[in-house]
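Next, two complexes with chain A in common: one pairs it with chain B, the other with chain C.
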Partner chain A sequence: MIFYEYEARKIVELAGIPVTKYGFCQTADEARKAAEEIGGPTVIKSQVLTGGRMKAGGVQFADTPDEAAKHAEDILKLEINGHMPVGVLVDPKAEIKQEYYASVVWDGTAKKPLMLFSDMGGIDIEQVAEEHPDHVGRGHISNILPVGDYEAKQVIAATGVTGSQLNRATPILAKLARLFRENDMILAEINPLAELTDGSFVALDAHMEMEEEAVGRQKNILRKELGIAEEDTRDTYVPSDFEKNVKAIDAADHRGVIQGKDHGFDGNLGLVIGAGGGSLTLTDAVRNQGGKPANYSEIGGNPSVAKACGLAKEVLKKDGVEKIAVMMSIVSNTRVDIVARGVIKACLELGKDPAETIAIFRIPGAWEDEGNKILDHYGVEYCDRSVSLWDAAGRAVAKIQGAS
Partner chain B sequence: MSPAEAMDAVFIDIELDEPAKSDPELAKKLEEVCTVGIFKASAAGTEIVQGQLDECVLCYLCVDACPTGAMRIIKKYEN
Partner chain C sequence: MSILLNKDTTFIVQGITGREAVNLTKECLDYGSKIVGGVTPGRLGREVHGVPVFDTVAQAVESHGSAIDGSIVTVPPGFTKDAVVEAIANGIKLLVIVTERIPRGDVAEMVEFANLHDARIIGPNCLGLIVPEVCKMGGIGGPAKDAAKSYKPGVVGVMSRSGGMTTEISSSLTAAGLGVSTAVSIGGDAIIGSTYAELMPYFEADEQTEAIVIYTEPGGRMEAQLSEWKQENNSRLPIVAFMAGKFMDDEEMQGMSFGHAGTIVEGKEDSATEKIIRLEAAGIKVVERIDEIPEAVKERIER
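Our next item is the complex of A and B:
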């Protein structure tokens, strides 16, 4: 789950990390009041879950509260990359001596959180890591043991930061690491972490992302502290018609599970695939043998004929799809004959010949013999478990390439 | 209407002879045993829901519930 900047700021504040005085506002009047309370020049920032705010005009500077109100009014009406803002964040225009970078990210390879620190903040850390690797400090922390300040200190010291800067930045990075773990984050980033002209350190901007699976157990921070409603899932991905239709078919029938994705796929071979990681393996097998998948899908858990038929139909209706490949790893909890009925029915209902349309049917498992009788009847090419997933995918690719 | 109900059965047919078909008690029993909703009970007896026939999982509980030989499950793909 991703958070708006004003929420990320609050999370940082709750962890005891210093922040500047800020206000989250949903009207121009509120923005004026926030700017008055802050005093002095302010920055008005659109609160959207997308990048490119600066370029789109979603970040404006104001010298007076009236100017802040005017900017807020404009920004609240400004759509950025298809997103309308939920409000604006009014921040003081800080007097910065130096910008730093501090973050904790989940390292999937090491399976541990990783602390990162740089004395070159305000820009992308990837760019700093590439161009100035000696200015990035790194260090893993334990998933279980308490985070010690000394661990943060080592990471910061590796960038050459010393003296009072080192002493002031250390508790901030340590607190960031603790909040990362306590709140099940996958990203907790402060960029920039600013050293102000008076020598103090404050978090000027923060980005937070929580592990989706942890949303259920993080009710305290989500509901009580941040006031995020249960139905607010923050899903910014706009599903395609194909994806929406498959989801609706799945929701309408409790038997089995189907999923369909077509993000980034526009090939001519439709995939009706699944079973125990089979979807990923099969998609790769098709692509690695020169095939062009039209979609990604998952089918399993013993779906009804209607559900298998619904998925196959949606795949077949996609632009450019010439044939479908129906393939799974070995199934024990999905009936082969039911899936066979479903995909053949889809072909027939769309006026297509199953023998021509189904490039290959490879689902070994429960009720396989019954399934084979159906496939025989309609002349569909099938294979058993003696043909590997790789070879089955290769047969489908060869067939479609031979056809075009 | 579910996709299955949109079209007549392709794979499965069911025949139920009289007088079993007109027996309201048997109709209730068939509606109860079939987990995929192929039978509907009414005062007139058993109605076979055509659009649902292809969902038959071949469990034969319906055949067991009927008098011997009164019901036949036909796999059209075997003909």
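Our next item is the complex of A and C:
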């Protein structure tokens, strides 16, 4: 789950890291009040889950509360990359002496979180790492042992930062590492981490992302501290009707798993495919042989007839779909006969002839003899494991090209 | 020979009374695997296909009378970490974690704990491993009669991020007369117990294995790690790789996630195109089509 900036700032604050006295506002009036409380120049920032706010005009500076209200009014109406803001953040305009960068991310090879720190904050860290590697400190932390302040100190000192700056930044990076682990984050970043003219350090902006698999056990912070509703799933793009329908069919029945996507696909060959990596392999195979997939889908985990039927129906109902290809890598858990029943039922219920509509059925494995009997009965073309995934995809493509 | 498993390997099933676990236990027993116990807290005294059920791993070890080699862990995600640590604390050295949707922080913790105890984790989110006609540990290949169709003993070591594709590829190697030495479904998550590179030394030491086939997907640095391993270790084993999900490199697919949790393409570095370049630079053959794998292996082994 990705967080809005005002939520990320709150997460940082809860971990004991200093932040400025910011306000989250949903109306111009609220923004005026927040600016009055701050009592000085302010920054008004759009709260959207997308980058490029500054460029789009989603960040404005104000000297007075009235000006803050005016900016808030404009920004609240401003769409950025297709996203409308959920509000604005009103922040004091900080007197910055120096900007730093602090983050914690996963290192999948080391299988440990990695702390990163730079004394060149405010800009793209990847660029800093490439051009000024000596200005980026790195250090892994244990998944089991407590994070020691000294570990953060080592990472910061490696960039050449010393004196009171080192001593002030150290607990911030250590706290960031602890919150990363405790809150199941996959990204915890403060950029910029600012040293103000009075020598104090504050997080001026933060990016946080929590692992989806852990959302269920982080209820305390999500519901109680941040007030995020259970149904708030934060899609970073808007799902299509096809995607929403497939999701609903999947949720209605606990047996098996289906997943449907059509973002970026608009072909005429519907795909009911699966078994883990089989769907990736088959989508490539269809495209490489000149086929145009109408969707990407996955079916597996021994689905019910209703689920297989539901997915096939949604695929068939898509604009431009003429035929469907039903293909999987060799299955051991999913039953071939059940999938066959499901896809044939989908054709019949939509008034289509299964023999004409199903370009190819290639699911070898569990209960395949029973499946083949059903397919024979309806005259559907099928093949066994001696026909590779590549060739099965090729047959489907040839059939649909022959048809149109 | 084989890697990690042999005909004498003993193991338990943690979470044995669950629906999937009951099936899996039968499949493994039918295939000839030695399951010496099962664990489900609160179910002491029951049996699953003749396998005694215990409340704790300690009880299973005590009942067996000597160390147990492995455990298949198939308990809900919220309990997996504790189950794995329990197994390792009771002397078990090989863990196959079947469970899906475990937060990666938990996986990383388990791996670090396993490293401290010289134990090895396969998975999570995997189907386990199989030594054809000897034993299998996990749901890999399905029921014994189906597994027998896809897996015949042979010379190729198989490692795959997709459980289903492990069997698909092994089946094609079996059909081509090459057969399989050991096949490992390593799991599709962003952080897993054993990567390709970490399993390579086992295959390298296994006389039966003459070549390696890997199935891989976009996401992560696992292929870069394998390429580095191959270049640094002067491996005797030719490696043939198949990369799925090339369509994800298209502009309009950026930021989308397909298939496994590990396939979210976060940057250019872990895209299919970049991975293929890295693998090929290390002398690993990347085949274009899935059906080209057996021929590519044949070309690279001395027969």
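By our rule, the second predicted complex is superposed on the first by the 268 of 404 C-alpha atoms of A that agree within 3 Å, B and C clash if a C-alpha of one lies under 4 Å from a C-alpha of the other, contacts with A are read in each partner's own complex, and residues count from 1 in each chain.
Everything below uses one rule, namely that a residue touches a chain if its C-beta (ideal position, glycine included) is under 8 Å from a C-beta of that chain, and two chains touch if they have at least 3 such contacts.
All values reported here derive from a predicted model rather than from experimental measurement.
Applying the stated contact rule after C-alpha superposition, one finds that A:Arg341 touches chain B and leaves chain C untouched.
By the touch criterion defined above, A:Ala275 lies against chain C but remains apart from chain B after alignment on the C-alpha atoms of chain A.
When the two complexes are superposed, the chain touching more residues of chain A, out of chain B and chain C, is C. Looking at the shared chain after the overlay, A:His377 reaches chain B, while chain C stays out of its contact range. Contacts of A:Glu349 after superposition: chain B is touched, whereas chain C is not reached.
On chain A, the surface touched by chain B in one complex and the surface touched by chain C in the other have no residue in common. Per the touch definition, chain A reaches chain C in the complex via residues 106, 108-109, 111-113, 142-144, 181, 184, 186, 211, 213-214, 217, 236-237, 261, 263-264, 274-281, 283-285, 287-288, 296, 298, 300, 328-333, 365-366, 385-386, 388-391. Residue ranges of chain A in contact with chain B, taken from their complex: 249, 252-253, 304-306, 309-310, 313, 335, 338, 341, 344-345, 348-349, 370, 373-374, 377-378. Within the complex formed with chain A, the residues of chain B that make contact are 2-4, 6-7, 10-11, 36, 54-55, 57-58, 75, 77-78. Chain C meets chain A in the complex at residues 77-78, 101-105, 107-109, 111-113, 139-143, 146-147, 149-150, 160-165, 167-168, 171-172, 175, 188, 190-191, 195, 215, 217, 220-222, 225, 242, 244-248, 250, 252-253, 255-256, 258-261, 263, 288-291.
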